[in-house]
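What follows is a set of structures for review.
After this come two complexes, each holding chain A, first together with chain B and then together with chain C.
After this line comes the complex of A and B, so read on.
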């Protein structure tokens, strides 16, 4: 397996000493994210999220299947993540790294276990037909913080996705094409967003240095990390800190509160990006949009 | 019956903890067995030994590897969990990373320490029991650690505030029924300091509740440390007496 190039001693000392004075190599504040950029594809549920040089592509697809016999009212939702050499030469296809496992479990816990997606709303005919949703994540470039980027991409793609309208009459199920009926958005109950903190030991005042949105270089040098998943309502959906440097409980609580604050900002960014796309998409044929909605401008 | 949980404990009471060192005398360098209520875990440690593959060789530190085996009969339903099961892998990574930061690995460069854990029975707090068992087995193997790593769970009985605006006490050391009912977290601390080395929560909880849950978890860790330390000292004493023939 090709190894990541090791960071030279001089560089390592420089980065760590700077962090102790709360300075970062790229000039950011220790608690600030890089710019988040969204670009949407022609289809619904296709989004490309960039966080600095990190780039993740999410694609939602849906098909109709027979539900599991023990859960006849529920649709299914799976998240598939696969890292290849596209993101970083140290990732190999078919041989999952630790990061790969952590990432897929974290997304699972953050989005699926916190019931962000109402699975019962995906039911078409009980015990007969349900929607099966699938989120495919492609990692195009790795410059740190893949977890947060992947989570933002998945949530944005889910919020952007539209299911075709299905009508049931007796035994027949009709799927109406997008051109015939306006497709409907998924029922997302909340938007869980992951925020990862990287710990770099204590600074001169004896306080733990907690950095947000670490780059690949910072990730290689960090002593420990913690991922907190919060939604904008201040509900913590998941916390995981496995190993690494031991941190005071008070510091961890501060991190959790910081995460809740950050998530509100990210939530707004996602919402405004989605609104921007909707406006761009419906340019010129807004009448068509009005017809499909029950509400109209009064 | 006011204020009692379904198994008769109060909010701040642990379940019975029974622990043993050197449970497997031939196969491992260190071994332990722990029961926390009905959660039962067996742990073997081998090493420091020559790494099993060249990939695992680190020039300046020992490599810590962890293998977790769930017995098919350990839960309420008979489930066979293979090696590639995501949950097994997550548990392995969590334990491996936790101990890699606590074992003084720099003393054993180019060697490997293998932790293998067998989960015999699950009744809530599996991760916590695994971490506690591993600490004991590492002590039995004589591998230098910074301090005991003790883990405990805690849960929040309701997710709403009562009329006075205060939250009810979090529950210490949740069992399987409680774990599937209420939001709970696992916290692992180093020794008697309140420094957290591992923290894991999988349910949705209001951020205001978190602090209380962590605080109760940490107090549980201190209690667990006392129990484990007493057993280590008792076992050490019997070994010493056997060796000196008294």
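After this line comes the complex of A and C, so read on.
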């Protein structure tokens, strides 16, 4: 299979020298993200997230299953991340790359283990029937920072998804179609969002150069990376740093603060995109939707 | 020449990282497909052909992991492309096609997915500059029960009847008077209409009118292309259907491809 094209020495020196002076090839600030664009599909739980040239689709689907015997009160939630040659010819079908493994583990840690989704709310009849949610992530185009994009896409899709109303009477379970009853949103407890820092060694002042939202070119040249998952309340859900250049504790603290600050902005972007879609979907009439809300006013 | 509700939404090269890509949305069933083509690439030694390029088609489902249905779809696309792509121009290379089902009314229905997949793949091959013998186009036709009085919504020009001579695509369906046993045909039906159909036919023709693929399925009414009642379809009806399909593919289909490519004059 074809390898990613190797970056020439001249290009490498150019990019690294520029970064030491806090300049980036695409003209961005070292702490700024590319523009995030959301587009939603016709059905609930489908979102297309673009971060520059990186593009990830997320789709949530639900089905009713029998719960696991050791967890009779809980529904299930799985995230499937499979990269194909569509994102980049160097990804092969059925042969996961390191990035593939890192990504699925990070999403698992960030979203599932941080209990962003209340699994008990997916229970229909204890030990009999529960909802099984599935998030399918499709990577369409790879230009760096797949982890953050995938996390944003999953959270946005979960927040966009609506579960059909189910009524239980005795043994019978009735699933009401969308046209009959207003479907309800999932109970998402918080929105954990990943922010990945790329490290490029120390600059002239002896400070670590840490870059946010690296492109594929920068990712190929970086000396180390670290992913911090924070929610908008500033609670750190996980920090993952596997290998790469050593980082001082002070730098780590700085990164975590920076991440918390960035997440607030991303959170607002997601919320406004969801709001925009809700208005477009209901053509300005939002009153009837309030009845379908499962969350309380806070 | 065609009424606009029948023209698919096509966006070319939406993916900057691949050699050629295309996003295709069927106007009636809202099925959206995204395909990317990479090639000619380095081929794995076990797939290498001494005199030809290897064509690899990967169909990725919208929900879940790829299974039998996706394998079937990719083999149908593969066999169609085998007769279109000039594989001897790039021997010992790989032409890799990835088709992603982005959105579909029914992610499990093979006939509803096949036509958009084929059309999208052909457009992305053209954009990627893969040498092809000719251009193909595919159309999905559903034949409805003679007495079906379903009040489904269709776009203008989507429905026509199989009569002695098909009177063009402008026929409106008047369900009030079904004089004789005249089969009603809906092109590119959505899942609701396919559920009412007696049989479903995916026809693919090249620009010159050669038949490239027939994928016909008999369905018993109301089961959405799942099971059959064993009555089959009439050969005379089928021949008329094929004639109409050929007209749609060779005239309208080629026109759509030309319009989509615009000033990128490929053929």
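Following the convention adopted for this analysis, the second predicted complex is superposed on the first by the 282 of 298 C-alpha atoms of A that agree within 3 Å, B and C clash if a C-alpha of one lies under 4 Å from a C-alpha of the other, contacts with A are read in each partner's own complex, and residues count from 1 in each chain.
The rule is simple: a contact is a pair of C-beta atoms (placed from the backbone, for glycine too) under 8 Å apart; a residue touches a chain by one contact, two chains touch by 3 or more.
All values reported here derive from a predicted model rather than from experimental measurement.
> So, on chain A, is it clash or fit between chain B and chain C?
Aligned on chain A, chain C fits beside chain B.
> Touching A:160 in the superposition: chain B (first), chain C (second), both, neither?
In the superposition, A:160 touches no partner, neither chain B nor chain C.
> Check whether A:262 is in contact with chain B, with chain C, with both or with neither, and answer first, second, both or neither.
Touch partners of A:262: none, neither chain B nor chain C.
> State whether A:140 touches chain B only (first), chain C only (second), both chains, or neither.
Touch partner of A:140: chain C, not chain B.
> Identify the partner contact of A:114: answer first if only chain B is touched, second if only chain C is, both if each is, neither if none is.
In the superposition, A:114 contacts chain B only.
> Output check: A:230 vs chain B and chain C. Expected answer is one of first, second, both, neither. What do you get?
first
> Would you check which partner chain A:53 touches, where first means chain B only, second means chain C only, and both and neither mean what they say?
Once the two structures are laid over each other on A, A:53 reaches chain C alone.
> State whether A:222 touches chain B only (first), chain C only (second), both chains, or neither.
Touch status of A:222: no partner.
> With the two complexes superposed on chain A, say which partner A:34 touches: chain B (first), chain C (second), both, or neither.
After superposition on chain A, A:34 lies in contact with neither partner.
> Chain B and chain C, closest CA-CA distance after overlay, in Å?
14
> Jot down the residues of chain A that show up as touching in both complexes, chain B in one and chain C in the other.
After superposing on chain A, chain A residues 1 contact both chain B and chain C.
> Mind pulling up the chain A residues that touch chain C in the complex?
Residues 1-2, 41-43, 46, 48, 53, 55, 57, 59, 61, 80, 82, 84-89, 93, 134, 136, 138, 140-143.
> With touch defined as at the start, can you tell me which chain B residues reach chain A in the complex?
Residues of chain B touching chain A: 55, 86, 89-90, 93-94, 96-101, 185, 189-190, 193-208, 210-211, 214-215, 218.
> Quick check on the complex: what are the chain C residues that touch chain A?
15-18, 30, 32, 34, 36, 38, 41-42, 44, 58, 60, 62-65, 96, 98, 100, 102-103
> In the complex formed with chain B, which residues of chain A make contact?
Within the complex, chain A touches chain B at residues 1, 98, 101-102, 104-105, 108-109, 113-114, 224, 226, 230, 234-249, 252-253, 256-257, 260.
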